[in-house]
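Here chain A shows up in two complexes: once beside chain B, once beside chain C.
Moving on to the complex of A and B:
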């Protein structure tokens, strides 16, 4: 209840008017007027179809939109959905909007507001939906909420059907490293859509992750890791296509902050848990556990390699602080290879990532600079992944990702050694 | 006549003996102060060295680039240099305190000026250290941002950021020390203006080919990338 002070009086009044609910849908927004209307329609349709008898509320946590996003969320009437879906809700569906922070840079503010509201309304199951998912389906709500509502799971993470070259940061760093360290094979540990139980939400709300140096970047990942370390029941649910191709790609450095930065910062408090884990176990999954699309993409691989070479040439002094001399020497020798011979081997990539994680823990230089310095090296790894998987089947792509995961697991003792000994 | 000379000599000897007797205790006090000062300065040095090691001052100095400067000059670690410096300043302070006790008029004024100068010296050192730290941090930030944005010649940009900050810090340090204030003001103006002019000329004239290539690359790539799919890392 200490989180009440974080919420505005007006928002608290609206929550009290709603009273206790069965389902809470969190919708974090910031200038999403173009898409948020259809997203709210889909959410309402999903509630009508999957949970017509349950008390439900949509909580919109807005980061100070100037395009009328909150008005669009609260203005969408469920009556607009009913005729189309031919369904009737037996309960009132509430929509509440609140501004969570003066600056949308406070990345964790939206999620914190949703968790605080959930603690007050005591729902049986909660779900967070992304305001940017162009292809969200009404069934996604049931897929993310049912395992919690019916089977007592605490966290439901999504599995998407992705193109083999989309989400390379997930497949080449986040998934293999999370799996190797925490021992659970969760494909999308960092996702904009996920379901969770009220008790997991309350437990996470009380954790000290809101004001740390990461400024809340990647708080969704910290949430998943908290569920693993807290031994909560976790499952994965197959949702469908992850529509990212037509939209401008997110910049690599912010993406690294949200994933690698959040993971590295979690390693220190979670050390007692991950240091004793060996191997990994599959997580329960409903539906397909992975699907890969193979359609042709025009990708500028040459530019990726050029940016890797520029990084190696220009950032030597930075890498000397972060990497071991042998790893740096191998990277520098790689830079002399021609485009055809160039290859960033899995074993070297894993060692690089582990040395970055250990340097992050020791704060050898500014932690944000360490994350930024990883970007050119990741581009080199992207180049190799694109080259190796250019003309292979979906099964071979999966096999290559699995091999990388096993490499991360095999070299885990190296990270432990670095963690304990590096000065 | 002879008696007069003997009387004057004995009087002079007597005055000298009296002066020596008057001066001797002060010299003894000065020596005691110097010895006591050495002990206190040594204790301060040991305590300071321990504190600096505890707060990982050497690592901080490494980040500031101070360690590299010292190692190039074959000097020990920054924590050791600073603790030795404080030792000498403290001991010198005690010695000068003793010297001022001797009552020599010209010296007393110089000793007072030395003690008035000490706080300014420490403030100048403080500004210098944190200035170097800031120069190192911001030049590295500029380097990383330039590399990740694929900007040509990122090291030149980083060096420019470092140089601007160091020139600025040096001007503040000299002003704090009160050393050739007017000269430093003019020198700063010339150096800073020269740096800016140099950068402008380098970009506009010296690097016009580079700038042309950069702009061409930007425009051409912009057109080319319209036909390329963007990869989302997440």
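Moving on to the complex of A and C:
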């Protein structure tokens, strides 16, 4: 039976009216009324400044907001932008909105809708923008789109200037592991803002990632990985400051599903690629190098350690299914260390992650339980990272991240060994 | 066909712009003349136009193609005699064709006897007929129009050892309209031609008649006073005659030239023209609807004059810098195509000789509110010669047939005032009247049919306009209405097929009748009216409640 279309008739009618475009800006939203208005303004400014002659459309894929977000997106007028900025629109700038199928089983609906729109409107370059970035700048559009438009790149991932304690999941897991496995140093392989070519979008839309057991979690990461494995041209573009978005600790598990879960689930289909990669190469980058910000930031490290200890105590049977005895023993012995002595060493952390990845493939227990079990351990690693980098320079923070990356690369044979024993 | 007596005749007119020099040479001297033009009136009548606008044909040193007049009350000897003109005028009127001539009122040639007298001494009675100054610092900051050739609006006169004011070329000194004698003399010039039977004047460069310190010397109240005085005299002595303003200004600045219906009858809508080209290239109606939204209402007796191309460059003065850059990049890739702030090209080459685009642009020209002007040769898709200097590349001889000199003249090639277009695409062997007359689907025959359809209703010349804004921005749609007569115009600005849904609920129950083929389209119902349109296609529908 043919798969049911996930685009509504009304959305198709809107796309028909827009017609072929040069630039497509995707804006996934869900109850973002507080920020989305100013973000659309900024996007429009970015289009007028960077691409005044190109045909452009803003596609808002909304997950069923109840705060008027879609109306805000479509209601923002180009004329609101023009007087203040002395900008001029040569042509019609469209903003259209659609509600994507939003259920717990379709976390990727927004991105899929944006890709489908791109498939129909055939843009030369697309960009996805976050509805939450408090400090988005009009220049971001050019920075993410120009390499595609002018230089033929297929994927442009951002580099942000972050606080040294922001994005720990990226610096401690996603970046080093992606780099070690796929051989390309992409700092933000999973980002709320990125640019891509129409051909990459089209190729990915046809991949079987939308209805698999990950339920689309972290599909943007899968997108980056697809670009790497498909040998598309990738570059990184420095955007500047990334304001820290406060998230309660409870958000860690969903975040792990979208990052570690998505990465682990990609390893099996991508095995022919990553299994033969050794070392890593820098990715092309435009703009300044990233650097971390060092301003004081209050973080409750004590709570992180407590959650680690609780996890070790409560999830022992789960860990026995996932981890090797030696790794588990080391973790359990760590639990006896006082706060001052507590350290989660890089080598142990890498082994932990690789064993989780292999277990994920073996499906020793429910894959979602595996991801949930990683959460307390990651908190332990966070505690260590925060401690080790509390009073060091920006250069030292970068060096510590680099050391961790090298550890992931060094221990990659261990992951391959685990993979083989799986068979 | 006698002339109709309607004093608002210009609202229903379709004007054909021609330079007598370029149309047809009757005496074999290589230069077009009035006898030649008269001999081609049948052609123009067949085309369907009902007014001719003649470019300057007065005695002149021809340093600006006749816009440098040396005698207002005579005909340049190359073009014939006053008697020839009179005869041409009578023949045109016999065919129901009115004649509009130029009144270059702002300036004369420096060879005009008035200027020769004026410069001869400070005490000459005509000294004050021009704008003189001991310094070149007066009216500082006033823009220079011919940027490519002039560096100042003042020129030094070595004879009278002072500076004279000129807004255009330095050989075109501006008349001094603060002098009542000048105003009176200009009215005498008008009277001379009006008494002969001329129907209208195109007043050249009207914003610049009067100068005042501390202003930009454009559109000044004193200029309007001068023009109103001329209009009052015209209405008093020659009712039913018409004044057409050439004022290359923004719509809001143009509006005062209509006054309360007591200044100009018509004015060119300069800002619209480049935006039609822009809309076509962008495949977006925005530039067109935007400028028409900014166009103010004009008195009921007044009318806009619309054109696609004319004898000048495609002027880009009334666009923003960004729009100008875009137009240059899209329509004038080679720098030799650019002149002053514009593009010196004809319609067909501008549109890559794409018949569909040429038809669409003419369709809009004929259906937007105003009186359309067709530039000679554009009805057959003539090309241009960008290797000729100034604007001469768009002023080459009319191409009548594929024979010697394109049927324009029997003179030897070297005696022609300008060479004909000879390239393989636009040259006279390929593009000429004779050939197109013989081909049922030629551009000429198509132009003839659209002119006929335009003339079949007064709604295009006199009706109101209401824009529809379908969600598909590539579609420019509007409703023209005059009394009970309603016409729907739908233009696809895109190079690809488009579907469009039009909200026609207020016309529910009407049947759409396509005006060219007279075919019936489905009745308007409650649902949006769906049309599918081919690339650059346009429809004119008459709405009938039957």
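We take it that the second predicted complex is superposed on the first by the 408 of 423 C-alpha atoms of A that agree within 3 Å, B and C clash if a C-alpha of one lies under 4 Å from a C-alpha of the other, contacts with A are read in each partner's own complex, and residues count from 1 in each chain.
Rule of thumb we're sticking to: a contact is a pair of C-beta atoms (placed from the backbone, for glycine too) under 8 Å apart; a residue touches a chain by one contact, two chains touch by 3 or more.
Note that the structure is predicted; figures quoted are calculated from it, not measured.
Engineer: Count the residues of chain A touched by chain B and by chain C, then name the partner with the higher count.
Structural biologist: B
Engineer: Taking the superposition on A as described, I'd like to know which of chain B and chain C A:391 touches: first, second, both or neither.
Structural biologist: Touch status of A:391: no partner.
Engineer: In the overlay, answer first, second, both or neither for which of chain B and chain C A:281 touches.
Structural biologist: After superposing on A, A:281 lies clear of both chain B and chain C.
Engineer: For A:14, is the partner it touches chain B (first), chain C (second), both, or none of the two (neither)?
Structural biologist: After superposing on A, A:14 lies in contact with chain C but is clear of chain B.
Engineer: On the A-aligned overlay, A:53 touches which partner chain: chain B = first, chain C = second, or both, or neither?
Structural biologist: The answer is second: A:53 touches chain C but not chain B.
Engineer: Is A:307 touching anything from chain B or chain C once the two structures are fitted on A? First, second, both or neither.
Structural biologist: Only chain B is touched by A:307; chain C is not.
Engineer: For the complex, give me every residue of chain A touching chain C.
Structural biologist: Per the stated touch rule, the residues are 13-14, 16-20, 52-53, 55, 88-92, 94.
Engineer: What does chain C use to touch chain A in their complex?
Structural biologist: Contact set of chain C toward chain A: 278, 282-287, 320, 322-323, 326, 470-474, 494, 496, 498-499, 501.
Engineer: In the complex, go through chain B and note every residue touching chain A.
Structural biologist: Per the touch definition, chain B meets chain A at residues 59, 63, 137, 140-141, 143-148, 150, 154-155, 221, 224-225, 227-234.
Engineer: Which residues of chain A touch chain B once you look at their complex with the stated criterion?
Structural biologist: Chain A residues touching chain B: 165-170, 190, 244-245, 247-250, 252-253, 255-256, 258-259, 297-300, 303, 306-307, 310-311, 314-315, 318, 364-366, 369, 372-373, 375-376, 378, 382.
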